[in-house]
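Encoded as structure tokens, here's the structure I'll be asking about.
Chain lettering (A, B, C, D, E and F) follows the sequence in which the chains are written, and residue indices restart at 1 in each chain.
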Amino acid sequence: MLALLTRDLVLATRAGGGFGLAVAFFLILCALVPFGVGPQTAALRPIAPGMLWIGALLACLLSLDRIFALDHEDGSLDLLATAPVPLEGVVAVKAIAHWITTGLPLVAAAPLFGVLLHLPGAATPWLIASLLVGTPALSMLGAFGAALTVGLRRGGLLLSLLVLPLYIPTLIFGTDIVRRAAAGGDPATPMLFLAGITALVVALMPFAAAAALRVNLR
Amino acid sequence: MTLLSVHDLAVARGGIRAVEGVGFSLSAGQALILRGPNGIGKTTLLRTIAGLQPPVAGQIAMPEDAAAYAAHADGLKLALTVAENLRFWARVFGGDDGGIGTALAAMDLAALADRPAGFLSAGQKRRLGLARLLVTGRRLWILDEPTVSLDGASVARFGAVIRAHLAQGGAALMATHLDLGLAEARVLDLTAFRAVPGRRAEPAGFNEAFA
Amino acid sequence: MIELGKYAGTVLTAYGVSGLLLAGIIWHSIAANARARRALEKQVKHG
Amino acid sequence: MSIWEYANPVKFMRLSGAILPWVAAAAAICTVGGLVWGFLTPQDYRQGSTVKIVFLHVPAAMMAINIWVMMLIASLIWLIRRHHVSALAAKAAAPVGAVMTLIALATGAIWGQPMWGTWWEWDPRLTSFLVLFLFYVGYIALWSAIDDADSAADLTGVLCLVGSVFALLSRYAVLFWNQGLHQGASLSVAPGERMSAVYRYPLYLSMLGFFLLFLALLLVRTRTEIRRRRLAALQAREMRT
Amino acid sequence: MLALLTRDLVLATRAGGGFGLAVAFFLILCALVPFGVGPQTAALRPIAPGMLWIGALLACLLSLDRIFALDHEDGSLDLLATAPVPLEGVVAVKAIAHWITTGLPLVAAAPLFGVLLHLPGAATPWLIASLLVGTPALSMLGAFGAALTVGLRRGGLLLSLLVLPLYIPTLIFGTDIVRRAAAGGDPATPMLFLAGITALVVALMPFAAAAALRVNLR
Amino acid sequence: MTLLSVHDLAVARGGIRAVEGVGFSLSAGQALILRGPNGIGKTTLLRTIAGLQPPVAGQIAMPEDAAAYAAHADGLKLALTVAENLRFWARVFGGDDGGIGTALAAMDLAALADRPAGFLSAGQKRRLGLARLLVTGRRLWILDEPTVSLDGASVARFGAVIRAHLAQGGAALMATHLDLGLAEARVLDLTAFRAVPGRRAEPAGFNEAFA
């Protein structure tokens, strides 16, 4: 298991591995928003929480197909499925690796992007906290979607389509935390809900994803 | 000691039985070669025995954690070096890193140990894929066309590795079209077991349930 | 010490951040160069 | 002897090895000298001590653009004349350019806080710099994603060309989209609005320093790339035999 | 050439071909925005033009890797390159097919999404016009990016990174058209610029893309 | 009539020359088989002659629009039927749909014409890939390992197709490890042309420029 995690992380840092690409995508998206809605602070500030979360979500989404597709193509997944490790564990480890390579850098870079979109400074700690709590759920749900679509040629768009609705609760509570914090309110309640969702997803989704993977491997 | 016994097995691909009624058993020190024309179901049979898909009917019995499977795709990461690739699989199979040197030497890869797998030629990649078997520590090898893209010298080397494995009490089940030079191996031709199409009491999938 | 007025923090941060970035790229260049040279020497000796 | 002779890796290594210490020393003297001199300038009556940021901000901004132009030229030389060293020089320059862009952005942002009351403003000048940064990142990412050096050189060369066109296009689009807060070019030759000499001379020195610094880094990094290529070539040859 | 176009369109309509997925993604994105920024008309109306254009752009982006990757994997691209058709023509046809399967459906569906985001009715014709004029440039630029990254394992995120900055001028003028129309202004000037960019891109990019493709095929 | 003449050709893969000094010529009615161990550069040579990559040195002369290339990957769309796949390639090569029936019959695919290519077995897919050659109407066939994954009967059938092509004034250049049963074909072993590594005045790529 640990071997798998370290291998995935090493692969991510090797050439073409895609470490940091999610952050770059996030940056581009944040740069696009002002082009879309106009550069004025008054226009940007109210939508900043939503845009930051949508940006994180899309950056995460775009890298989902890496979770299993590469291992499926080169046969590693078949071999892992016949190796003495539970497939649920494999799924969980893959989701963790995805989170470390995309979610964690996003969390680290979020304050910067908050500045770009004129997020009030007081909301920044809450932005970080909400992403820290919420992005693991995004990775785990994404792993489930990736497991569903792993055999398909270019499942990318289909994968997005399947996973986006699953992301909605996380998105709602995540933005609500930041929005309340930006308005000077108390974000504790949505934070609780968000943590609950993440806990639920992390506890249950590995089993669903492993089941989907077994179907796709046979 | 019996490492694999298969009884009245039927396997399906695309919802339709490919072969049925297959039965054989493999003891320590034995090798069995599956033969048959393209599309008969050799790959399907091997994947079923490896546990990647459920059998439609019949029994497969083998000791727990005995089998190692090697297919067309070698499961190599091109960005990792030869040694890193092997080390990964050794750890996944719970082995230590000690066996890696032996495996590399056995498949004549020692000189390439620190080279990224992406820089290997097709035959060298294949050799690395076969070296993986040695680090799994498993006794039953399930091999699908193991010598594809190997040149003559490498095929002979692979034959020697198989023989050593059998001598140590291992067993091997292989599907191949080519001659491996393993005179001691039994051969099972699957042509005789080709499934008769039609609706079944126990359908393999939608295609049979609605046939 | 020279007088920076009320913008002392701003000016010092600007110089600090730029210094860090410059030091970073300089260090990276030199380290990578040394690494490449060592790797090449090793190859020439053994290969 | 033509300039192309130096594109030969061996000659380049010899020549660059010989001049590198001098360039590096000059870069250190000019950069440190310019920045220290700039730091000691008196406060501006309007901007207070923040004027001192200009000695970082303007040279970095200038180099950020110039390095991209240099990469464009090097890419063209590679694509037309197939001089391997110039492709490697373009590759070597990109991270330096990205850092220069980052310095311009960071010092600008820090400067913006007291001057405009905000860290970041979607001003056209600032925005085009952000776009330039994106082009640098994309260029670097493409280089590192391709295994085969020849393909990588060709493809990044094409990207650099297309990217240059679109960087220009974005600049005009951005100007159309938003009129900005940022000051115009006060170093322009037009008399009258010129920056006071107290600030101008240290600025010149600092600009020279940044340029020399870039040159030194470019030489070091190109030498690194050449060594890496040589190592890869030796390994590839060994592998083939 | 025509054979290639019809084949690509037929493939898009077969199982897993991805026709309509872009629209579905667009729909989901438009549905996410209210969750992100709040459902009030006052919040949505000013950002509607930008969000619609950003949505179109992302929907287009997500399907870009289909342009060449499938044909590269199954060897068709090698065979097409040795067939008696110019590679520039192949690139152009591929971009056209991409536009018909993603851009055109987006144009058709845009009025609906305009309503979802409370875009003023007067701006809807201009939204359609701007998408009609602008999306061909998106497809063609995307084909260039896809040609650059075609050999790479999972170039998806890298492709986005390379292409997004190229989309910025189109995005700026596109949203400006809609924004001006929504504010009752005259969108003729940005429309002219947008048409100019599209003309430029469509005229020149096939050559750059074909050059990149040749490098990747050798 | 000479369909292909190659003079002093050097080709490179991964920035290094693979073979050099290769020269031969093929007239109508002739077949040439390239042989050599794995990794010598057969595929590279064929791709260069097909025009997919530039030669490092030497000349390749052939009439315009004479060659059809077939590689490991068959360029099949799994969602299209067998006939649709063939029809597409016939149109790309400017032919009419009339030749499709003949091509299907020649490779014994007539019964499968309306089946999606995705439901074919590996050997059938390969046969479809070879049938494509017949609808291109090209006289010079450039074939890379054409009989991979074909069983014995299909190999014989393919031999017959090649013979018919030669008899009609065509020519064929093939790389293969296996015996195709084409006694009339000349054989060129590439082992003698293996490139000597080292730095060149005219480097093939970075790896030679910096070696």
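Here, contacts are C-beta pairs under 8 Å (C-beta built on N, C-alpha and C of every residue); 3 or more make two chains touch, one makes a residue touch a chain.
Quantities reported herein were computed from a predicted structural model and do not represent experimental measurements.
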Subject >> Graph separation of chain C and chain F (steps between touching chains) >> reply: 2
**OP:** Using the contact definition stated above, find the chains touching both chain C and chain E.
**Re:** D
Subject >> Maximum inter-chain contact count - chain pair >> reply: A-E
**OP:** Using mean C-alpha positions as chain centres, tell me how far chain B is from chain D in Å, no decimals.
**Re:** 55
Subject >> Between chain E and chain A, distance of the C-alpha-averaged centres to the nearest whole Å >> reply: 24
**OP:** Just give me the whole-number Å value for how far the CA centre of chain D lies from that of chain E.
**Re:** 32
Original post:
Any idea how many Å lie between the Cα centroids of chain C and chain D?
Top reply: 15
Original post:
What residues in chain D touch two or more of the other chains?
Top reply: 131, 134, 137-138, 141, 145-147, 177, 230, 234-236
**OP:** Chain pairs that touch, all of them, please.
**Re:** A-B, A-D, A-E, B-D, B-F, C-D, D-E, D-F, E-F
**OP:** Would you pull the chain E residues touching chain D in the complex into a rising list?
**Re:** 144, 148-149, 151-152, 155, 158, 161-162, 164-166, 168-169, 172-173, 176, 190, 193, 197, 205, 208, 211-212, 215-216, 218
Original post:
Okay, in this complex, where on chain F does chain D touch?
Top reply: 14-16, 18, 197-198, 203, 205-211
Subject >> chain B residues touching chain F - in the complex, by the definition given at the top >> reply: 14, 37-39, 121-123, 149-151, 177
**OP:** Mind listing the chain E positions that touch chain F in their complex?
**Re:** 2-4, 7, 10-11, 14-17, 71, 73-76, 78-85, 217-218
Original post:
Which part of chain D faces chain E closely enough to touch in the complex?
Top reply: 131, 134-135, 137-138, 141-142, 145-146, 151, 154-155, 158-159, 161-163, 166, 169-170, 172-174, 176-177
